[in-house]
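As written, the chain order gives the labels A, B, C and D, with residue 1 at the start of each chain.
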Amino acid sequence: MTTLADLQVSSLGPSRHDSPLGSYVAGRKTNEYYVSEDDRVLYDDTISLLEQRGEPVERWPSFEPGGPRARIFHDPATTHVGVVTCGGLCPGLNDVIRAVTLELYTHYGVTRVTGFRNGYAGLVPELGFEPVTLTPGLVGSINERGGTILGTSRGAQDPAVIVDRLVELEVDALIVIGGDGSMHGAHRIVEEIADRGLEIGVVGIPKTIDNDIPHIGQSFGFATAFAEAAKAITAAHVEAESAENGVGLVKVMGRHAGFIACYSALANHDADFVLIPEVPFSIDGENGLLRSLARRVREHGSAVIVLAEGAGQEHVRATGKSDASGNSRLGDIATIVREAIEDDFRERGEPLTLKFLEPGYGIRAVPADASDSVYCARLAQVAVHAAMAGRTDMVVGRRRHRFVHVPIPLVIERRHSVSPDGDLWLSVLESTAQPLDMS
Amino acid sequence: MTTLADLQVSSLGPSRHDSPLGSYVAGRKTNEYYVSEDDRVLYDDTISLLEQRGEPVERWPSFEPGGPRARIFHDPATTHVGVVTCGGLCPGLNDVIRAVTLELYTHYGVTRVTGFRNGYAGLVPELGFEPVTLTPGLVGSINERGGTILGTSRGAQDPAVIVDRLVELEVDALIVIGGDGSMHGAHRIVEEIADRGLEIGVVGIPKTIDNDIPHIGQSFGFATAFAEAAKAITAAHVEAESAENGVGLVKVMGRHAGFIACYSALANHDADFVLIPEVPFSIDGENGLLRSLARRVREHGSAVIVLAEGAGQEHVRATGKSDASGNSRLGDIATIVREAIEDDFRERGEPLTLKFLEPGYGIRAVPADASDSVYCARLAQVAVHAAMAGRTDMVVGRRRHRFVHVPIPLVIERRHSVSPDGDLWLSVLESTAQPLDMS
Amino acid sequence: MTTLADLQVSSLGPSRHDSPLGSYVAGRKTNEYYVSEDDRVLYDDTISLLEQRGEPVERWPSFEPGGPRARIFHDPATTHVGVVTCGGLCPGLNDVIRAVTLELYTHYGVTRVTGFRNGYAGLVPELGFEPVTLTPGLVGSINERGGTILGTSRGAQDPAVIVDRLVELEVDALIVIGGDGSMHGAHRIVEEIADRGLEIGVVGIPKTIDNDIPHIGQSFGFATAFAEAAKAITAAHVEAESAENGVGLVKVMGRHAGFIACYSALANHDADFVLIPEVPFSIDGENGLLRSLARRVREHGSAVIVLAEGAGQEHVRATGKSDASGNSRLGDIATIVREAIEDDFRERGEPLTLKFLEPGYGIRAVPADASDSVYCARLAQVAVHAAMAGRTDMVVGRRRHRFVHVPIPLVIERRHSVSPDGDLWLSVLESTAQPLDMS
Amino acid sequence: MTTLADLQVSSLGPSRHDSPLGSYVAGRKTNEYYVSEDDRVLYDDTISLLEQRGEPVERWPSFEPGGPRARIFHDPATTHVGVVTCGGLCPGLNDVIRAVTLELYTHYGVTRVTGFRNGYAGLVPELGFEPVTLTPGLVGSINERGGTILGTSRGAQDPAVIVDRLVELEVDALIVIGGDGSMHGAHRIVEEIADRGLEIGVVGIPKTIDNDIPHIGQSFGFATAFAEAAKAITAAHVEAESAENGVGLVKVMGRHAGFIACYSALANHDADFVLIPEVPFSIDGENGLLRSLARRVREHGSAVIVLAEGAGQEHVRATGKSDASGNSRLGDIATIVREAIEDDFRERGEPLTLKFLEPGYGIRAVPADASDSVYCARLAQVAVHAAMAGRTDMVVGRRRHRFVHVPIPLVIERRHSVSPDGDLWLSVLESTAQPLDMS
């Protein structure tokens, strides 16, 4: 269980500069915009979950709120901020890069902003990727295109080499936009910095197309991504409805978490079955997929199945195939489901028109939609505030609509997933009317 | 200040039926999906705002959570539910109608669902609008079109006539999808029902294109609406940039609240000035609009102004015009601003290409986007759960990502608006770099 | 070469009724709208191609223009028109069904319009698909959804059974919306009708997602389809640009014709290589794909390949694999190209991030865009005019922006394809700057 | 009537260089791509219109086809090409600028390409707009944004000053992207060049949001524009349908030509009345707008009117208002129609919910859609071919799907408009079912 101690965010030290926001304001008292250093946001807000009820509220688990501070750690006149994007693409990366840059220039007057190219590789000099100087002119309209202008890559690099590079370039704060693995990497960089006693902050902005970062709400770009996935479900539904015994099968991303499958199915309203990693399902048996599907097709004339790529892994392992080297070869759940359906209809002597769609990378390479674009901009502003205030080893996130600071160790300890007992899955069950228990 | 008592939701009486969800489940214990009747969600989650710290947490202001109950009030076998949409259009109305209908049929087995046409007028027999029987087949894909299949109208009707009609048709629960005024009307219907001692529930689903309902977070359809408004800002920006001294002026909805202006400006990133009802601005003067605009055009070559229709009302009143009957005629702030800018550039001898855009009704007549569509579906499900559980005189809403029940008196006591000292307005200031104080 | 005789359209007989358009008009001479029965549209309009120059122009190959006739064959008061959609989906099918229905009701006063379900199967009573009565109310907004409300299927049915059914239902004209195979089927129905001496017309509206119908210009839905395909190319480009040595590979429809590949690449501007069935390419060799790709990636850092599914079939045959029954198994060109690229980069010791996208059915299940929607409506109107005028064994099409009648035998004699010497392919070469000869 | 002589395109002189395309090809005979200098495309292709039938076909009116020539006039090694965009915005301007630049660099090896800023003003040194050097890098993805990166302006400049500037910068060919007025300007520049005996070509690419350029088919960007306008009609329809006696009134661009009104109404299918400049209509009277509207609202419950801004000018003049200086003030037809409808319903004692929408500049500031983007790219390529071949005083256009060269005097002699007797207007009448004669 999360404890009070877990939620304390690290700082490089006491703040020693006034925020330049004050001088910017010209005649208006702006202290109201500042977040008080004493404030906290409760971790839980449901009374039945407030197990610490007997204790004073100040000792309940709570997050530090995000936002601008009246006093900051780094001196804007000299501060050098680095930005790096790591891992797979996600809608909104360019929005985040843009807003980080503009916030630093416009609000703090920081004019040394450097983008490292192709993920952590860009911090390893021998790999030869020249850093990019980020300016308001350069980032002006990059939000209109998907992807990341900095490039990205997967995989870790030696923390010692990275810290050498940060020292060499006099970077005071590194903003890492990346997923689970990248935050592990960020934590190791923090450790290396601490070992050397340096005053370099590392602030993360969690990125995950699968929405599987724990403790925070919906991750940036996720709404855009599931909206794209929903289009494929609509296409599958149109194909299925236009044929006799039409079945549409849509495979969406989600190796460990079924959020994309759930939300795209809810958005589209046309799915009859949603299969996700968190909820096991049988292919055979009375409540299994085949008989349930046969019933649905008989009643409605067609059906649509939304399948997360990580669903039904027990069936995948069962294929028992191995590759040339004798390693067990992971089957593809979509192929297994597809062939099972085709066999079943053939055996039952019924016609079948099965259409398979896989939106794939198409959902993550698009620009952020309007809501995600706002979210990215505000998240980036909060990250800059945290970095300037000297925070480190933490990420910014929005939990229950409040921007908060979360220690990195807390977001990498486990993955967030769809709770089979929660209200999201209940909504999916209500929307699809699929059997509650298909196992 | 909101008190504990204010947050208690009314009920028609003790629950007397088991939820049919249980029998639906077939072999899986589903109690986990049920919301406990003892549970509560804290009104505040920020420690500095928790003024009741000394008291036991059970006595702090809190909302009743939304969701399905194990025991319900109405008997699904006989329940008759009415649905009505009132006031102006908003993206997602058809999503809500659809999800209410499907939830009742599929989950609760309720098959008597009636839609009243053209707002409260549809509940007044002498106006002649025949009710519509809502079925899964009828509502199947209505979410793909904007507007409301039920039609809508503004204005109140006699509560006594309405309650007569509900009694005549044996309606057990009326779901009202509407705004501020409609919720006033709903409350008067509740009073009339109470006076007669009837067991008819009234559950509201707040609808507001302006996002100005208090106590709950973003209202349904709002994200879709500001995304549409953002397109007009983009067009204005493109026009402005393509001309020498180009100025784009975009008037968006928002009579009392500037949320659409703020969010569409944040989404689009291209606005240089955002003018909203909550923050006064001068037209003349050193920090006024004209000089600030002149500076911006000189620096950037062009500028874009986003203007909420209710902004700058002090300037409107100043026109002092009156119509034929001698009534004072409200001027239009867009015309005032436009003419002031044209005069100013003319007087200063500078060229000006001013392009005016007003997306108008175009932002509210579109279908809900994917995120709003999910939101509408889930909100409607929660409303149905509340109605079946016998709740009345309340609305459903999502506050800090939790679905909650809010007493109607609480949502009609005042309007929600953009706080000039809050983080949303700060984000706008950071994004536009407009002067913090233009008054 | 096309001869004069080939272009004569068949008719059921001399026209014997006045068009009801006249009476509809109310005081305006509307003859100007009517197409003269003596008029013709030249097959060629390029002087160098006009080989018949010595002959009088009346004898040059020419098409009959489409449009309303002053005198028509069928009596609107009693006419019964059937509609059927066959083969794969294509954007705009519902637009066509809608416009056929509305044109018949509104313009001709024909109120007997029947839709046959699931392609030709719907005309075979024993298969049990009940026909649908098409009315203005039913078709009102079907254009907003992709697919076909009538359903569709592939494959032929016995012409004798179909004609029996048409006779049984007293159908005077059958409008067939379908592709190559369906037009073969339509021609066999015409032959059966002729054998029996019946006065039933068969009018086709050519449907092909691949744009491969000869003699007419762009087919309906094609513009919508390639616009969707272009989105996948954009995504591939974004993925490729965001990685070190990123290569995006996009497989699009086009078994025999590369139009989708060409147009989507031109629309998107981001493709570096377009590979189509009509233009052979080598994988190895100095101008082959691998070396050309390596050069491009070295110069630009990334590259995008657009691959029609029917491209490079010579490489597919070369795989020589066979399935369990010993039948030779067609390889998939995308897999072959993908593996060749991966092997090549591995052998050359260069990093590679290859992302594969296949928009698949997603491009054909969407609703028609605005231009296609207009096109579908007008094409359907022309088909109705032709049917009412007693034309048969012909299709309507738009050639060089003129609606014309084309005999069915002419459109099924061969497929249209991208000319390697024509200006479309030249535009692709200019746009991609790929080697002119990659063979 | 157009004569043979009118269709001859001017040239700077005989071609004296080989096209570099040949050397680019590497081992493939590419002559097939070249357009023969002897070829022509017939002006008419309808036999009834071919009045010259008795004469040899070579003497019939015909256009010169567009495309690459084997021999060209300008030497690519030294050629300097200027580009300028004039007049109002139109979707696709950046596509054209991009494709002109890429075609020159990639295909012809021309590396001196200069963009003049803000229309013809950019060619007047004293106005101080520095020219922009256009490179492949600069134009890479400009097509993704609406507007024109070069800026634009209305109005003419002194041809002598412009030619001085062209001579000063050693420009060999000027490509003018603009409308009617801009082509008048271009022609005057040609005359000035001819007077001085210079070898500078002027090639136009006609731009018109109203699609009113004569002799050529649909202009670039028009399809994108009417698709945007159609969205406003959909919104109006949704608003109208959601109210009792709802009337949607949509004002679209089209001062002299009703193409946008016609096509957006056809695309959307929801319009009940389309009012355009070419077809007069009465407000009162039996077939006038008010009675026709009243009938339609009575039958359908709602109605949508699409109004081109230039429609019904006879009613506008009738208002007889004049401004402060005594000049007659043109009324706004939308206001006149709106007030007439409101008065009429009020007088007849019927409720009315009238919603007015005006998409305005929003339809012209968007990026080109996929089809227009392809069209722009190909049109630009043809313009570059014409410029390099030494053509002058001409525009490129696509007539009946063939790219052709048209002399500038021919495109500025009159405006293209919707023929009240043509098949487009007939389609509108068929689609709306409005009275054929509302005058």
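Quick notes on this one:
Throughout what follows, contacts are C-beta pairs under 8 Å (C-beta built on N, C-alpha and C of every residue); 3 or more make two chains touch, one makes a residue touch a chain.
Small disclaimer: the values here were computed from a predicted structure and weren't measured.
Steps from subunit A to subunit C, minimised over paths through touching chains, total 1.
The greatest centre-to-centre distance from subunit C, using averaged C-alpha positions, is reached by B.
For A-C, the equivalent interface among the listed pairs C-D, B-D or A-B is B-D, as over half of the contact pairs agree by residue number. Subunit A and subunit B have Cα centroids separated by 28 Å.
Subunit A and subunit D have Cα centroids separated by 45 Å. Spacing of subunit B relative to subunit D, judged by their CA centroids, is 42 angstrom. For subunit A, the set of residues that touch two or more other chains comprises 141, 145.
For subunit D in complex with subunit B, the touching residues are 89, 118, 121, 129, 145-148, 151-153, 231-232, 234-236, 238-239, 241-244, 355-362, 365-366.
Those residues of subunit D lying in contact with subunit C across their complex are 24-28, 30, 32-33, 36, 38-42, 45-48, 50, 53, 56-58, 62, 65, 67-68, 98-99, 102-103, 106-107, 141, 143, 217, 223, 226-227, 230, 263-264, 266-269, 287, 369-371, 373-374, 377-378, 381, 400-403, 421, 423, 426-427, 430-431, 433, 435-437. Chain contact summary for the complex, subunit C toward subunit B: residues 141, 144-145.
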